[in-house]
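Same chain, two partners: chain A is paired with chain B first, then with chain C.
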Partner chain A sequence: MAKLTIDGKEIEVPDGTSLFDACREARGEPLPHFCYHPDLSIAGVCRLCQVEVEGMPKLTIACNTGVRDGMVVSTRNERVTQAAQQILEMHLINHPVDCPICDQAGECGLQNQYMKYGLYDSEVEIADKVNKAKAQVIGPHVILDKERCVLCSRCVRFCDEVTGTSEMGIFNRGNRAEIGTAPGVELDNNYSLNTVDICPVGALTSRDFRFQKRVWMLKAANSICPGCATGCNVRLDHEAGRLYRIKPRYNPDVNGRWMCDRGRMLYKAVHDENRLLDPARGGQTLRWAELDTDLLAGDGGLFVTSAHQSLEEMFLLKKLAAGGTVCGGLAGSDTGDSDELLLNADHTPNRQGLGLLDLPEMNGAALAEAISGTTGPVVVHGGNPAGEDVVAAALRGHGRTVYIGSHDNETAQACNLVLPGAVWAEKAGIFANRDGRLQAFSQSVARAGSSREDWRILAELAGGEVPGSLRAVREELAEALDLTEVNLNKLPARGLAPVGATSGGED
Partner chain B sequence: MSFEGLPAKATGKKMTFLESIYLVEIVRGLGVTISHLVKNIFATEAMPTMQYPEEKRVYSDRFRGRHHLMQREDGTPRCVACQMCSTYCPADCITIEGAEHPDPSIEKYPASFEIDLLRCVFCGLCEEACPCDAIRLDTGIYEIAADDRAKFVVDKEFLLHNKSDGTR
Partner chain C sequence: MSNSQYNILSSRFDRTDGHKLPVYEADGGYKALKMVLSSMQPAEVRDTVKESGLRGRGGAGFPTGVKWGFVPPDADEVYFFVNADESEPGTFKDRYLLDYDPHGTIEGTIISCFAVGDRLAFIYIRGEFGWLIDRVQAAVDEAYAAGYLGKNILGSGYDLEMIVHKGAGAYICGEETGLINSVEGRKGQPRIKPPFPAVAGFLNKPTIVNNVESVASVPWIINNGPEAYKKFGTEKSCGTKLFSVSGPVKKPGVYEIPLGLPFREFFHDWLGGMVDGEELKAVIVGGSSVPVLPAAEVMNVNLDYESLANAGTMLGSGGMIIIPESCDMVELIQVLMHFYYDESCGQCTPCREGTGWLHKLVKKLRGGEGTAGDLDLLEHVCQGMAGLTICPLSDAAVMPMRSFIDKFRPEFEALIQETAPVAGSSRWPRGEQE
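And now, the complex of A and B:
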């Protein structure tokens, strides 16, 4: 442990800590910075985090200095603040200050730090600024504005160190230095939008989000990405009932600070034209009040859930099944690309949940046989088992089929009664990720059309035999899962790790 | 609250006999009315009433009337859809949708720009907020009437050709 004094405050930090982190702890806020990023190597190029260390003749950058026992550091004296102001002024010499048309405005490092540490009057004439290429498309998801760049090299380091694809680089020297992709190369990897997140200015912006909304109008809601079994922690940015983008949320035990581009695009499915909006029977649209559950009469039956549903919904379907057969959906459905970073080959968010609740998956032939073999009702909840022709044929052959789902698909087409459920952003629930970690998500936007939360639909179909609130459902679920000491209504922020798993990373 | 220097109780002047019968005062009041009537018949220019709408009051150049979107030289809106005005607007009456401009040097332009004139309070904060001097309330138009609420929501084309002489 090293003991040091920062701004007259004594703190003790482990040896090997960087002075930047020690200063953040002592000050309660980070030093001004552009290039420092906790998950990337130290570049030391922005020179903004300079502090005064007693015994050193010049100011030194905190990010590239290790702590030493007995260090005496000042971060707020006049020499330091003046240095930060002047460095910031230098960064802004060639900056176009086109904030009105810049998507980063509102969450921009330059704007924030100018208001905090700058506040000088610029002495640079607009005509004297060095002009560089603007609005260059450099990949399927990212657009580059070279004028806005402050050459912090975060994106370059991200592509070198995290994805290992090395598409980006800094070219030329002096005030002609610019960021760019290597000749003939596109910034085309599944993590390219993370460069947009870590870009402290508006140099790299998202093509998908471009000009969609000013960021200060967006409201954020915490959620879990439903794109694959990894279960990245995400933030849904929404306004007036519409999702605009998905950003990663820090969870060292799951996704760190990153998420994949594929997951970020999943918000589009929420506002898809393909959404089921009203209950329908045999193609005829119904109102919920007109709903007749005669199809469900009788004992037995087959109840098919899917790995896309939350734990609560699986649990309720199992309850609804009572004497019937329960199935976890189509085995091996929704699998696809994977990589070593975050994307899992299992493109469902809750396949581990099927295991927890002991819901066996079936292959197409077995499922088709089970459907044809049952005399009771067939209830399919989520997923698209009828993507396989045998299952579709079996469903069509059976007269009493119910589909609860959010999107129109082959299964919705093949079933008699179709009930519109909510997508993940429109309801609350719990997913178990690939490690069995239980992570809760909550509702962020209003439900489309007259769709309902799935657990309410299931509760209604079950007819009073199930609890009337999600809270109570979770209490019963905890009992069923033998998690008596856990409150499923209040899962830890990082999720509930399965017994025996270790937690990694700092907060 | 105390009123220093004032008597604690109001004491009215005692009326004289002539005052108390009111008749004299009524005649005096009618005299004032009749003198104005005579003046207005024989000296109409001095009358403060205006013959609106044939005649209109002249307002200051700073009067904030109906909004107007400034044009570039080529007639396209000067607005870059930064939405400062809609952010700043206390009445929340401006709705803007940005889009990619075909000219890369402009980059962003308003695909739609709508103002709900019924919500607008004509405070002028939108023109204060505008970094491009693209919106002004300088038309001087204050006669804003329509027979349908929807007609008060004016669009980009309307605002661009919203001349100060009142024509479109």
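And now, the complex of A and C:
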């Protein structure tokens, strides 16, 4: 441990801590900075985090300085604040200050740091600024404005060090230096939008989010990405019932600070045209009140869930099936691309949940046989097993089929009764990711049309045999999973690691 | 060619075919190397050079032997670079050494490499020095053929390979870590320190980068001993130094002087004073990056590290620029500010933006568009650049800028008042050059 004094405050930090982190701890806020990023190598080029260390004649950048026992550091004296102000001024002299038309406005490092450390009058005429290319499309997801760039090199280091794809570089020198991609190269990797997240200014913006919404109007809800078994922790940015973008949320045990571009685009499905909005029988729209009360009357039956559903929903379906056959859905469905970083080949969020609740998946032929073999009702919850023709044929051949789902698909087409459920952003629940880590997601936007939370639909079908609140469902679920010590209604921030797995501890 | 009365470095500048190996050997060349390899340990060589007081001749003046001592003793691989990226405006000494006495530098390099335990050395030559690259390569080839390079040099068991590397014409690659990046195939820009190259440089291995003149001094020091070297110069500025003198003096050129020589004596007795019709106005003593001294001040300094530091300037690279009364100081600083604006690598914000801003402001002044606050603004910009960057290029722009305003303020003020320049004629019409 090293003991040091920062702004008169004594703190103790482990040896090897960077002075930048020690200052953050002592100050309660980070030093001004653009190029420093905890997950990237040190560039030391923005020069903003200069501090005064006793015994050193020059100011020194905190990001590239290790702590030493007995160090005495000033971060707020006149010399340091003046240097920060002047360096910030240097960052801004050739910046176009086009905030009114810039998507970054409201979450911009230049704006925020100017309000905190700048507040000087500009000495530069607009006409004197160095002009560079604006609105240059550099890849499928990212657009570049070279004038706004502060050349912190975070995007370059991200592509070099995290994805290893090295699409980005800094070209030319002096104040003609600019970020870009080499001729013929596009910023086209599955993590390209992370460069937009780490860009401290409006140089790299998302082509998808561009000009859609002013960021200060957005509200955020914590969620889990449903795109694959990794279960990246995300933040859903929404306003007035619409999702606008998905951003990664820090969880060192799962996704760190990153998420893939594919996952970011999943919000589009929430507002898709083919959402199921109303109950329907044989293509005829119904009201919920018009549904028969004895839909599931009769013995046995087949109850098919899917790896897309939450643990609570799987649990309820299994409960509902008492006496009938349960199935975890179509084996091997929704698998696809993967990479070594985050994207898992299993493109469902909760296949591990099927295992926890002992809900075996079936292949198409077996499932078709099970459907044809039952005289009781067939309830399909989520997924799209009728994507396989044999299953579709079996469903069509059966008299009493119910599909609870969010989107119109082959299964919805093949079933007699279709009940509109909610998508993940419209409800709360728990997924078990590829490692079996239990992670909770919460509702961010109102449900589309007259769709309902799935657990309520299931509870209603069960006719009073299930608990009357999600809270109570979770309590029963915990018992069923033998997790009596755990409160599923209040999972840890980083999720509940499966027994025996290592977790990073408190953060 | 040589104008020198001292002969540690420049004795062979006049020698016919002095760049050829047989001539070098006939002049006693490679004697020091033979002695080192046959009778000295690396530590002894390091101590000898440390004892001699030799300081880095590239500009910073850091003691060479001390720098060698920073290599960790247990290093398995060490790299050695000879910095021949000579591009400081006003400096043209290393090219003399390499042109007229390439084997002197090669011998010095081999001895230096032996001293630090290096097995692969690079001579990094500025890309614009096309003919020089050929000449040095030819000399290296000769040295290989004669067994001074390669495996088992002179039967000693010591191996050393040497590569002549051509730069691509960037001033910043003369900064040692920029040079290392450049050889590694990266963008030529300095690295953040720590780590220092002596600990982690080329390929993250301990690396020593020395100026041509520094290594070229080594054979003489070995042959004659550190005490003989220390007889030249002053207590803290030992030995001799090359000065490359340009400007309207009667005898410009490259001179080897004992450090501590009074400028007055150098100017009158060695350089012959100004050409007829010109008066001395100012001198940039050590390359364009050091503060300028007006005539009255420069006449009182001695040419050594300490005396020049006391006078508020630096010995630098020894690139001495003599400025006559007829020179427009604002024009001169515009040329210099264009240089630093053009050569800034663009990595650190204060330098990237500041060098461009300084150049823009000076250009505006010379264009007759200066306003009352501009001199204060220039100082403000300098303040935002000085001492805040990874490498000293930012300071190298600030030092001349500040000193020019400080020492020749009336010339700048005259432009703001929209009157004719107080100094003599300008080579370029106002505002027309870059």
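Observations on the structure shown:
FYI, the second predicted complex is superposed on the first by the 501 of 507 C-alpha atoms of A that agree within 3 Å, B and C clash if a C-alpha of one lies under 4 Å from a C-alpha of the other, contacts with A are read in each partner's own complex, and residues count from 1 in each chain.
As a convention for this text, contacts are C-beta pairs under 8 Å (C-beta built on N, C-alpha and C of every residue); 3 or more make two chains touch, one makes a residue touch a chain.
Just so we're clear, the structure is a prediction, and the values are computed from it rather than from any experiment.
After alignment on the shared chain A, the placement of chain B and chain C results in a side-by-side fit free of clashes. In the superposed model, A:R214 lies in contact with chain B only, and not with chain C.
Touch criterion not met for A:E239: it reaches neither chain B nor chain C.
By the touch criterion defined above, A:P100 lies against chain B but remains apart from chain C after alignment on the C-alpha atoms of chain A. Of the two partner chains, chain C is the only one touched by A:A177; chain B is not. Of the two partner chains placed around the shared chain by superposition, chain B is the only one that A:K134 touches, whereas chain C remains out of contact. Contacts of A:M90 after superposition: chain C is touched, whereas chain B is not reached. By the touch criterion defined above, A:L151 reaches chain C but does not reach chain B. Of the two partners chain B and chain C, more chain A residues are in touch with C. Between chain B and chain C, the minimal CA-CA distance in the chain A superposition rounds to 24 Å.
Against chain A, the residues of chain C that register as touching in their complex are 170, 172, 187, 189, 192, 194, 341-350, 352-357, 360, 377, 380, 383-385, 387-390. Residues 42-48, 50, 58-59, 61, 64, 83, 86-87, 89-91, 93-94, 123-124, 128, 130, 150-151, 170, 172-177 of chain A are the ones touching chain C in the complex. Interface of chain B with chain A (complex): residues 80-84, 87, 98-100, 104-105, 107-108, 131-132. Note for the complex: chain A touches chain B at residues 98-101, 105, 134-135, 210-212, 214, 216-217.
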